[in-house]
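For clarity, chains are labelled A, B and C in written order, and residue numbers in each chain start from 1.
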Amino acid sequence: MRQVWLISGPPGCGKTNWILSEIKKHGGSCGYIRLSGFSEKSLEQANSSEIDFVFLKDQIPQLIDLSKSSDHLFSDQDNSLIFIELSQFYLPNQSGLAGIDPRIISQLENLKLLPDQYLHFGRDTELSIKDTLDFTKIESLSLNLQENVWDPPSLNTFWFELVNGAYGDVYRAKALLNIPDGRSMYFNWIVSQPGSQFLQLNDIAPPKGRPQRISQLVIQGRNLEFTRIKSTINLCLINDSVLEMHQASLSNQQLAATH
Amino acid sequence: MIERWALISGLKGDLETYERIQKDLKKIRGDITLFVLGDMVGAERNCNSLIDRLINPHPGDLKPHCIYGWWEDQLLAERGFRGEQKADALRLNKGEGIVKALVNAVDPYYLNWLASLEFGFVELDCGLIHGSSKDIGDKITIDTPPLILLDRLTRLGVNRLFTARSCQQFHLELTDAVVNSYVKDIGGDRKQEQKVPKRGVIGIGAGAYYTLYDVGSDKTHFLNVLDQPKSNIRGFG
Amino acid sequence: MKQAVISCLHANLPAVQAVLNDIDRQGIDTITCLGDLVGYGPHPNEVVDLIKEREIPTCQGCWDEDVVDGLDACDCSYPSQLAERRGHLAHKWTTEKLTNENKDFLASLPTSIRRDKLLFVHGSPNSQHEYLLPDMDAFAALERVEMAGAETLFCGHTHLPYVRELGQGSIRVTLKNTPNKQTEEKEMNLPMRRIINAGSVGEPRHGGSKATYVIFDDKTNKIDIKEVSYDIDRTCKAIIEAGLPPIFAWRLNHGFEFAELAEDASHVCER
């Protein structure tokens, strides 16, 4: 039977990773959609980010993207599991399904995805939360970096500076970024956890031209210096001729390896 | 079969000597790889025939693996392959006339091939280079202080260095090298004894003097083709 | 007699002033500077003027050379495109800011200073761009000092202050073969030599934000590595006011170099 779960929580609490582990346990067909939630007073939501779906799809290739698919892909007879991920700063005011924000319910009705279960990080004990961050003010910056490729050591420097406060107080940063050898790197950082999560995704772009896939950077924090962040990023991105050089070198290496 | 390297340098356009060496090598047992460590060109004679022969070996020739040397470097600089540089060292040492003679000795047709040559080879744990990786003109001789020898080996990250620039033939071995290092910095201090494994430096000679190296046993044979009869020129000489 | 050696000032006037005050307080009047008076920092003219005023013998550093020659620093010493671009920005700013008189001064600086068996250089005796790191190959380090004809080599460039003694060394040299089958064997003792890195006054890289320099006592042969606090906020404010990248202020304040060192610090620029 089809199961629809709504999972919500503040930025960086671990929603996506929890969903990933549940999908892996499930084993049957699965679908996913992310709702961006609502900004509240001084708490600005990040624009709906595709990073989470790309990350999940990379780990679970059979995952269905419900933002693009209609529900006829799943029938009631299927043993399918559907996750709706929702970024939400505040605790639901009631337990269970009754706690769902009414604004969300109308979105879900349009999607024909009414949940059978609703869990919120910080409310429900099924979700183990390591962080009890109390956001009082949060700004968001989302950058679309499709077709952009980073110089890897520059990326390391920029990320280090970013998460260590060089461009404002960063609470949360996540990204999908392209590097010259065709790889897409997933970056994930939350202020309350030591160290960043780095993961190389399985998808490798062909060694010609610029990668045509999702690439984004989402930063949430306070006193973020948007202009400086963007101008530093520009210093880190490689131009066409440098990219061609990398790709030519890669092709030569691959050619040598096959001989 | 015994693996051997034949190492030559300093031919400076002398095709006849090259042919004599090739002929010599045919008589030697072993699986021989031929390395030419630079100075294929020079100002004394036209170099085109030799270069052509190196690029297009005759049937039966051992295929030469070439790197560039000091004279190639000067020629390429003078011919604009080294940015703003010119053959300043040659000009200073030997004068404008020699620079002109060098330029005239090599057809521009061969310059791209010369420019494509590597600075050196690293084979197994051996560095094969004209001078050293510090300087193409670095003359390493039998009297070079051991610290310099070790430095040149370390720069290439090899245990054996084959060098041609000095034109000398020698086989030096450096063993039991040890030095103690004591470092004090803001973090504290530390002591370390550094040893290096057996290392060697081999001068391969030049021109008619060449070297045969037994890879497995680290043995050198210093040979030459001087005593061979010169070719008899017949017909309209 | 005690003498002080300073290096890598990088146009950081508050740091230079604090270090010179510290040296003056100890009554030391022999000071040698190992170059990089300018580069990244906001006070290039002020620092050069101060060194000139104090008549401190100075070697030319890699930044000083690059500003004079109009060349960018060796690109291979930048580990990333970001560091390279920041470096180029700083180079352009510095070149535009420096007076012609101060450029001439930097051009006049010698690449090394020798006092008896003491040799003072910026990078190494080979090059202003070569790094002599504290744990580089000991034999290579010994070669640098010995082949320069010195017993003690003072250097900078790495921004990591250290004292390194290389001694109790020996080597056996065997002539295995020559064309006339000559052979010979000899055991040689290697000389005891020292390399002293003065760290950096203006852009520390040792993990802290204090300026560093060294004091050498030629009577006792003792070397002291000194750390000196200074008004970093004054430098950071000046960086921002000068229109230099604000990230320089953040990096300096947190004890990071303005731009990272290349991983292969043993690389010697072939330029």
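The definition used in the following text is that contacts are C-beta pairs under 8 Å (C-beta built on N, C-alpha and C of every residue); 3 or more make two chains touch, one makes a residue touch a chain.
From a predicted model like this one, the values you see are computed outputs, not experimental measurements.
Visitor: Please state, in steps, how far subunit B lies from subunit A along the shortest route of touching chains.
Guide: Each step joins two touching chains, and the minimum needed here is 2.
Visitor: What is the chain whose Cα centroid lies farthest from the Cα centroid of subunit A?
Guide: Most remote chain from subunit A, centroid-wise, comes out as B.
Visitor: Does A-C or B-C have more contacting C-beta pairs?
Guide: More contacting C-beta pairs are found at B-C.
Visitor: Roughly how many whole angstrom separate the Cα centroids of subunit A and subunit B?
Guide: 57
Visitor: Can you check how far apart subunit A and subunit C are, centre to centre, with Cα atoms defining each centre and the answer in Å?
Guide: Going by mean C-alpha positions, subunit A sits 45 Å from subunit C.
Visitor: Please tell me the distance, in whole Å, between the geometric centres of subunit B and subunit C computed from their C-alpha atoms.
Guide: 36
Visitor: For subunit C, what residues touch not just one other chain but two or more?
Guide: None at all.
Visitor: Can you list the residues on subunit B that touch subunit C in the complex?
Guide: Residues 134, 142, 145-148, 150-151, 154-155, 169-187, 192, 194, 196, 200, 205, 209, 219-220, 222, 224.
Visitor: Show which residues of subunit A lie in contact with subunit C when the two form their complex.
Guide: Subunit A residues touching subunit C: 151, 153-154, 156-158, 161, 164, 166, 228, 232, 235-236, 238, 242.
Visitor: Can you list the residues on subunit C that touch subunit B in the complex?
Guide: 126, 134-135, 137-143, 146-147, 160-179, 187-188, 190, 206-208, 212, 223, 225, 227, 268
Visitor: Write out the stretch or stretches of subunit C touching subunit A in their complex.
Guide: Counting only subunit C, the residues touching subunit A are 79-83, 85-86, 246-247, 250-251, 254, 260.
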